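Remarks on the structure that follows.
Chain naming follows the written order as A, B and C, and within any one chain the residues start at number 1.
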Amino acid sequence: MAKLGFAMCVKSSIPPHRTPSSCLNSDSCAAITRRKTLIFTTSFLATYLHWHQNPNPNLSTSPPAIAQEFDDDLDKEETRVVQIFQETSSSVVYIKDLELAEIPKSSSGNNIGEAEDDNAKVEGTGSGFIWDKFGHIVTNYHVVSKLAKDTSGLQRCKVYLVDSGGKSITRDGKIVGFDPDYDLAVLKVDAVGNELKPVRISTSGELQVGQSCFAIGNPYGYENTLTTGVISGLGREIPSPNGRAIRGAIQTDAAINAGNSGGPLINSYGHVIGVNTATFTRRGSGMSSGVNFAIPIDTALRVVPTLIVYGTPYADRY
Amino acid sequence: MAKLGFAMCVKSSIPPHRTPSSCLNSDSCAAITRRKTLIFTTSFLATYLHWHQNPNPNLSTSPPAIAQEFDDDLDKEETRVVQIFQETSSSVVYIKDLELAEIPKSSSGNNIGEAEDDNAKVEGTGSGFIWDKFGHIVTNYHVVSKLAKDTSGLQRCKVYLVDSGGKSITRDGKIVGFDPDYDLAVLKVDAVGNELKPVRISTSGELQVGQSCFAIGNPYGYENTLTTGVISGLGREIPSPNGRAIRGAIQTDAAINAGNSGGPLINSYGHVIGVNTATFTRRGSGMSSGVNFAIPIDTALRVVPTLIVYGTPYADRY
Amino acid sequence: MAKLGFAMCVKSSIPPHRTPSSCLNSDSCAAITRRKTLIFTTSFLATYLHWHQNPNPNLSTSPPAIAQEFDDDLDKEETRVVQIFQETSSSVVYIKDLELAEIPKSSSGNNIGEAEDDNAKVEGTGSGFIWDKFGHIVTNYHVVSKLAKDTSGLQRCKVYLVDSGGKSITRDGKIVGFDPDYDLAVLKVDAVGNELKPVRISTSGELQVGQSCFAIGNPYGYENTLTTGVISGLGREIPSPNGRAIRGAIQTDAAINAGNSGGPLINSYGHVIGVNTATFTRRGSGMSSGVNFAIPIDTALRVVPTLIVYGTPYADRY
């Protein structure tokens, strides 16, 4: 048994593969179970037309059957999971840690300027979720620890989110407060009101081992990834970034990989029950083993408001 | 392709994180779907109250919205999985292998004395399940092989179980018999009758690829962990500890990690269909790959009674 | 974070453990939910009989209770998954790459001769699926790239499939065409008409994140393995074997390990929605991380007919 250990899902250091996610705008996805239209692409038909005119003599003399296609509606259970994702994914953000090559001469307001962006090195990536309409984002402390501890002024946090109109926007995230004891941190982005869709919060106090749960996040930079499983255990103890124990953690077999950190664990109502934080894995891989952990939302409900109101010793950053 | 091989889920060598599991007592969990009560912790309310009196001037002037919380009942399917866990988990035991520093001077009966415990080194951990009301525990041979082969008298097996009243108890496990050909072993603990809740046994002869299955065990020492999946394949061949082939093994994508060995694989009725034994993984990691194996319960039904009645060449240990 | 990268599920280099799969013949599995008959094996009864006559004096005086067994019918949801597997698995093939020690003196027609087989070295294994009744097999290009690029004449592809009568047959696979840009290839085997059961094709254009999906393939050589999950993401970008990007890839948390490459990803109707191709994993392990990828079937529907009709620059191999 070698080199297995408790690995925090630290920010994925893999260059992110960012692609447009298909269904971030719930408006455009109203018809979840609409039927497919049987239209073949032109090139596909052309191939067969051409084949009929000039068949390859090496092939058998009848044409290959055109692959049969089917209208496949989703059943009730699938539709429910699809809806959970569609209603929640726009509340989940993608966090990229940057280190600038040099301190920018002029502050570019809340957005990171293009020039500033070009010279920045991606230090890691993580996930987070929109807490309220004031632009507060909850994530793990270990996702933003470099920014939290920065004394050089070179650290930045870029937050990629989707506004209520379904448009992708990028904002600079400022540290509001953090608590290494519980591996939680709060960022604030300059986007308010109707632009933002906060998550809906459940409670973790009445969770039952065996109930379904869903993780949304950005493993290895793949944005808005949904993984599914059940609650595997409750009342677990996991190490916090400062070496103390976080009690009451939720264990799940929903895949949680590097980059999922800070994203929400949700129940079958789409309500947040935990903050995905760690996986028990081979050291350095950040690869899900099926033994994964989230900080219970009840802990976040206790810690986050305090962080928002009082900030931290580093409150001057805000 | 490097260093992938057939890894028996040998006893997890990670120091166990033992925490009270929330629902081992089925009595206290009768109300599976009871509704949550909307009571905020005092500290949470206090934060907001204080905020109203003394708002942080850096924040926007209206208070952050109190996170909306929801009453989330479980649906029928989730309730079923929760019940499977609650009805089965108290039949699953946690096995810790110990090596004493020296042979204890006086035998302390069936329980390991505290002093003896303090000087013991944890050699690994595994799982098992209660076979009958006579205190027989079924597990993998490879979980207890050190005790089975012990000639020094220094090996011990500590069995952590839950009695019918929901109380955690610890007992010394004695080897009754073992069969390396099938990677099966039987321990006996000094706890009988109403104290113990034996598993309920199904048959593995009529399993179908695709049906749901559930593993309960102690991966990396996390007690009473539930993981879920389907039967991925049947009639597989896996190597036994003595190098022979165990035929008819059940393959599943339910996560099975180091420490799950010896625990039950159960069907959607909560009845045992196999003994979780191995995963196909990177050598030395014991990490679930999604290609995991259990010995069929029909094999255990053939082997275990013989072991109970006749024991083995090492029967003098009993 | 070390040595994580984009790993194509290249052919598993592990010696395959081939075992008869229990239910490849859908005829013999008509009764999915038939009830078990309570017949104990003779040896089991004998054990208990013997025990009654000659009880082990070390045991308590009453016999161990005969393990209670249950009749466990499958519920509706489980029955559906079982049926998906039974209706699809005979359309999935197992591909073994061989390198001959020397060029055989006489061509043995379409089947690989035993002598030829004995001297062959297994280079890797993968999966594929039956495209049509003319014997065309679709797989990943990277599964058969050695054969595709072979100039020595020593490379072979053995295709293991099940005919419509449920009988396992082995055929030599000839390259019809391949397209490294999309990591797709078409083989042809000499088995036609009623012998073959082509897959049924759906469309990938209307997939929704959250819907159920199923992978069938041969991870580490374990034939006809079923793994389950949901669509985790859409529109992903994954690298093709020639370094270009394959767009529109489907992400899933259904376990996909080395050896699954080229097998079908299917929806809850048993219809193919993608070609399992890659997993994001520790380099060299080919181990599923829960972040797995398939080429969308719409891409295959565009590429495969062209490959069948026109072949490739290596068309002379056909």
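FYI, contacts are C-beta pairs under 8 Å (C-beta built on N, C-alpha and C of every residue); 3 or more make two chains touch, one makes a residue touch a chain.
Computed from a prediction, not measured in an experiment: that's the story for all the values here.
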Any idea what the CA-fit rotation angle from chain B to chain C is, to the nearest 5 degrees? 120
Self-contact between copies chain A and chain B, residue sets same or different by half: different
Measuring centre to centre with CA averages, how many angstrom lie between chain A and chain B? 31
Two or more other chains are touched by the chain A residues 77, 282, 287
Can you check the complex and tell me which residues of chain C touch chain B? 10, 12-14, 17, 19-23, 29, 32, 34, 36, 40-41, 43-44, 47-48, 50-51, 55-56, 58-60, 64-65, 67-70, 72, 74-75, 77-78, 81-86, 89, 124, 219-220, 222-228, 254-258, 282, 284-288
Taking the complex as given, what residues does chain B use to touch chain C? 1-5, 77, 131-134, 136, 192, 198, 200-203, 205-206, 208-212, 229-238, 247, 251, 253, 267-269, 271, 280-282, 287, 289-291, 298, 301-302, 305-306, 308-311, 318
